[in-house]
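For clarity, chains are labelled A, B and C in written order, and residue numbers in each chain start from 1.
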Amino acid sequence: MPTALLVEQLLNGLQAGMTLFLMAAGLTLVFGVMGLINLAHGSLYMVGAFAAAAVAAATGSFLLALAAALAAGAIAGVVVEMVVIRRLYDRDHLDQVLATFALILIFSEGTRWVFGSFPLQLDIPAWLAGPITLPGGIPYPLYRLTIIGIGLAVAIALWLLIERTRTGIRIRAGENDREMISALGVDISRLYTLVFALGAALAGLAGALVGAIQSVQVGMGEPVLILAFVVIVIGGIGSIRGALIGALLVGMTDTMGRILLPSLLATITDASMAASVGASLASMSVYILMAVVLVWRPSGLFGAAT
Amino acid sequence: MSREAFVNAAILLALLAVPLWALANDEPFTITLATRAAILALAGVGLNVALGLGGLVSLGHAVFFGIGGYAMGVLASHAQSYDPIMEAPFLIEGTKSMPIIWIAALVTSAIAALGIGALSLRTSGVYFIMITLAFGQMAYYFAIGWPAYGGEDGLSIYVRNGFPGLNTLDPIQFFAIAYTLLLLALLLVWRLSKSPFGLALNAARQSAARVETAGIRPYTLRLTAFVISGALTGLAGALFADLNRFVSPSMLSWQTSGEIMVFIILGGVGRLCAPVAGAGMFVLLEHWLGGTGEFWHIWLGAILLFVVLFARGGLIGALAGRGRTDG
Amino acid sequence: MTPRTFILAAAMAALPSLALADAHAGKVKVGMITTLSGGGAGLGIDVRDGFLLANKESGDRLDVVVEDDQRKPDIAVQLADKMIQSEKVDVMTGIIFSNLAMAVVPAAVAQGKFYLSPNAGPSALAGKGCHEDYFNVAWQNDNLHEAAGAYANKAGYRKSFILAPNYPAGKDALTGYKREFAGDVEGEVFTKLGQKDYAAEIAQIRASKADSVFFFLPGGMGISFLKQYADSGVDIPVIGPAFSFDQSILQAVGEAALGVRNTSQWNKDLDNAANAAFVEAFQAEYDRLPSLYASQGYDTARLLISAMDAADVGDRDAFRAALEAAKFDSVRGDFAFGPNHHPVQNIYVREVVKEGDVFTNKLIDVVLKDHADVYAADCKM
């Protein structure tokens, strides 16, 4: 493979990883602080994308659309947290899985009810459209570079929030000892709502960013949700650093697997067969990665041992 | 007879009475629905061994359901085309005989459960939920891309497989087969839960350390439970494929795993007959709400949410009052 | 014309056929199983709406039961059992996806029901698995892909990069394209079913020496691919079957689809009276442009109604012959059934254009005239 193509594919893997990180960060934060498995995280991603598409159609502004996605994600997050999620914190995982599975059904069909069954339009804005030429003469879409940038910015902002602010101290304390923190006079239920809203807003942002290059449609959240779970499980649940590393690992494995496996197999069998079998293996590759990591480290790469 | 035993008997009798009523009134489709409920209940009974007795929340039981389905599909399709599955090193031919297909489904899904369980049980909690989900997704994508047995199109078996002495194409006779297997599975699980193995498993669910001090490895207990659980769900898969005369990768999707789990929740976690009550309720909801318009999933979601949030005992809990207190 | 006056006019126009309906007392009961909820719902809704429109225009001569299969094969099988065992329908129709059709159709025709397919046309049901009571009113799955290959020859392409999802319909698509395409295949890629990010594949296309790209990626997959392809700056022309350029999804693709050539057996500007009336009536009834799927649903109902004029559904042989004759004005112009009861029809190439604010297709040329499928030879009825 020529170097330019290899660099381009590595960038693609990086970009896929950054998108996953935006999803996984909220998920892992919510799990780390509240101990909650939220299958409906993908629905918040969908809500963000639909809000962005609706606002973009009404105003024509992509920045307003992103703001709307953040807001819609956060608002949906607050509502869901106050109505349903807070009743689940001291339940077992089974109840959490099922209640949030029910939320997926409600969100998906509710969105279809409001917006109809057909996919919505959400375009890349003109000022981010098209490729730019990177050093080495590699053409790469500006929009994908922007996603990488936003992903890095969010990672840094989250790190600062958790390590350097009062809220961050409370969040970390909440992960370690719930009774202690409420004894210290922190309003734990407000903190939980805040953390959930933050995760939801990030999911909404991811939905809008991805919606512009993919399709805004009902059910768009579930495949991403499963991958985001793979990411946080590989990284170790509750760890933002783990989510970042996990997201990059999954993004790279998926992208490189899709290119390398078929061409690797093509050396031992005919092209059509290799394309087909290679594709089958590639679609299983991230799950194989996850199983291997968990067998090797049952609590993920950066997870606290249980 | 305790109140729960009374409720259990009532549920099982209701499941038997509905198709008999339908037979008398010539409503063959109602019999088909009852058969569907019985088979899905059997899948739930399987999962309940891992989930209810062992406390193992598996989000990957669709793998075993699907393997059972494909065991039927592969054997029957080879029998249909008179083309042996393999000739070397020894001959394996296809078959249209239900008992042989059931054994194949039980064995293959038990082997799969042994492999998946041995790896997955090294983890616990959320990690266990997610690793079982990952194995489910692996199997799903494998089945879609695997061309030999139809890929995503699946396999159609034009005529239902046979059982000696019965006409399986007659809805009521096929119901009888499914219902009998369901009763046998319930009996097995009930005996299991009262056996030393079941008691140790239950103890391990509540406190692994306590069992370990008694010199029993919780890992071995759980793995055994997981294998029994997978095998029963696999048997249900074979029956389900026979009910539809069709098998496809959708049996392996993560939604299927979720639905099997939903049966148990609707019925009430930790109850012997929860999957029966839950599957019956699910089939009824699907049938009734499906007629209410395009957006009926909203109502299904709302009901599910209500049960999880406010009616934790599920249907049996509501009917029989508080069950075991440790759940 | 406002919708209300239009409906009045349509009702007046329908009067003669109403009188005819009385002559053939007794309705035909139709069971429609289609996808109305979840991700693929848009297609099923269009088929249903097209079908019901034709029924309404006929003065409700069909008694239609509609059920939602949720795109799940086991639900579809269960609904088919219900329609056969308890609704006692005469004719079944509606299934969108090939894998669901494979689950339902063989059992339905084996139990003595007519099945008219308004969309899916898997090869297994066109060749060895064909049946005298199974009629496909849309296309055999390979048809539009073969047309894309034929168009590539016409356009002078020599080297194609081809991609499709890794499932049976995807493999059929690439096989269909290669069957007609005379040039070389520069690259062949199977993507994951449901995949939404194509950056890696687009990079491979850029690095290849292809002069054309053929893709079959239905639904959201196609929307994603086209948007990302347009943004990547790769300027190799793409061709594909109509499924990724249909009215129902074009608005979501937006500018990225402009100018792309795609193959279809129908378009809203096809010049015939039946089509003009259909496009106008559909818009008046549902306030949106009809899609390919709506046209197929509409034709399916019209075929059925034409057969009712000629024979009673109780007389199976006569009714089957009436269906075979296909004496109805199809919205795609000439339409006939081949020996395996699959369409023999023209397939066109269209171009995506913008009319006002709406993205839609414009007819360019006929690619394959009176095209039938290759599986007919294997069909023994």
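Methods note: contacts are C-beta pairs under 8 Å (C-beta built on N, C-alpha and C of every residue); 3 or more make two chains touch, one makes a residue touch a chain.
Bear in mind the structure is a predicted one, so any value in this text is a computation, not a measurement.
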Among the chains here, which has the CA centroid at the largest distance from chain B's centroid? C
Which of the two pairs, A-C or B-C, is linked by more C-beta contacts? A-C
With centres defined as the mean C-alpha position, give me the chain A-chain B separation in Å. 32
Chain centre separation in whole Å, for chain C relative to chain B (CA means): 37
Contacts with 2+ other chains: residues of chain C: 37-38, 41, 166, 171, 190, 192-193
Check: chain B positions touching at least 2 other chains come out as 141, 144-145, 147, 294-297
Per-residue multi-chain contacts in chain A, two or more chains: 108-109, 112, 276, 279-280, 283
Of all residues in chain B, those that touch chain C in their complex: 27-30, 32-33, 36, 141, 144-145, 147, 150-154, 156, 158, 171, 240, 244-246, 248, 250-251, 286, 290, 294-297
Would you tell me which residues of chain B are touching chain A in their complex? 51, 57, 59, 119-120, 122-127, 129-131, 133-135, 137-138, 141-142, 144-147, 254, 258, 261-262, 265, 269, 294-298, 300-302, 304-305, 308-309, 312
Which of the residues in chain C end up touching chain B in this complex? 36-38, 41, 67-68, 72-75, 77-78, 81-82, 85-86, 98-99, 102-103, 106-107, 110, 122, 124, 166-169, 171, 190, 192-193
Which of the residues in chain A come into contact with chain B in the complex? 31, 37, 84, 87-88, 93-95, 97-99, 101-106, 108-110, 112-113, 226, 229-230, 233, 237, 276-277, 279-280, 283-284, 287-288, 290-291, 294-295, 298-300, 303, 306
Per the contact definition, I'd like the list of chain C residues that touch chain A in the complex. 37-39, 41-42, 45, 166, 171, 174, 185, 188-194, 196-197, 199-201, 203-204, 206-207, 219-221, 223-224, 227-228, 231-233, 248-249, 251-256
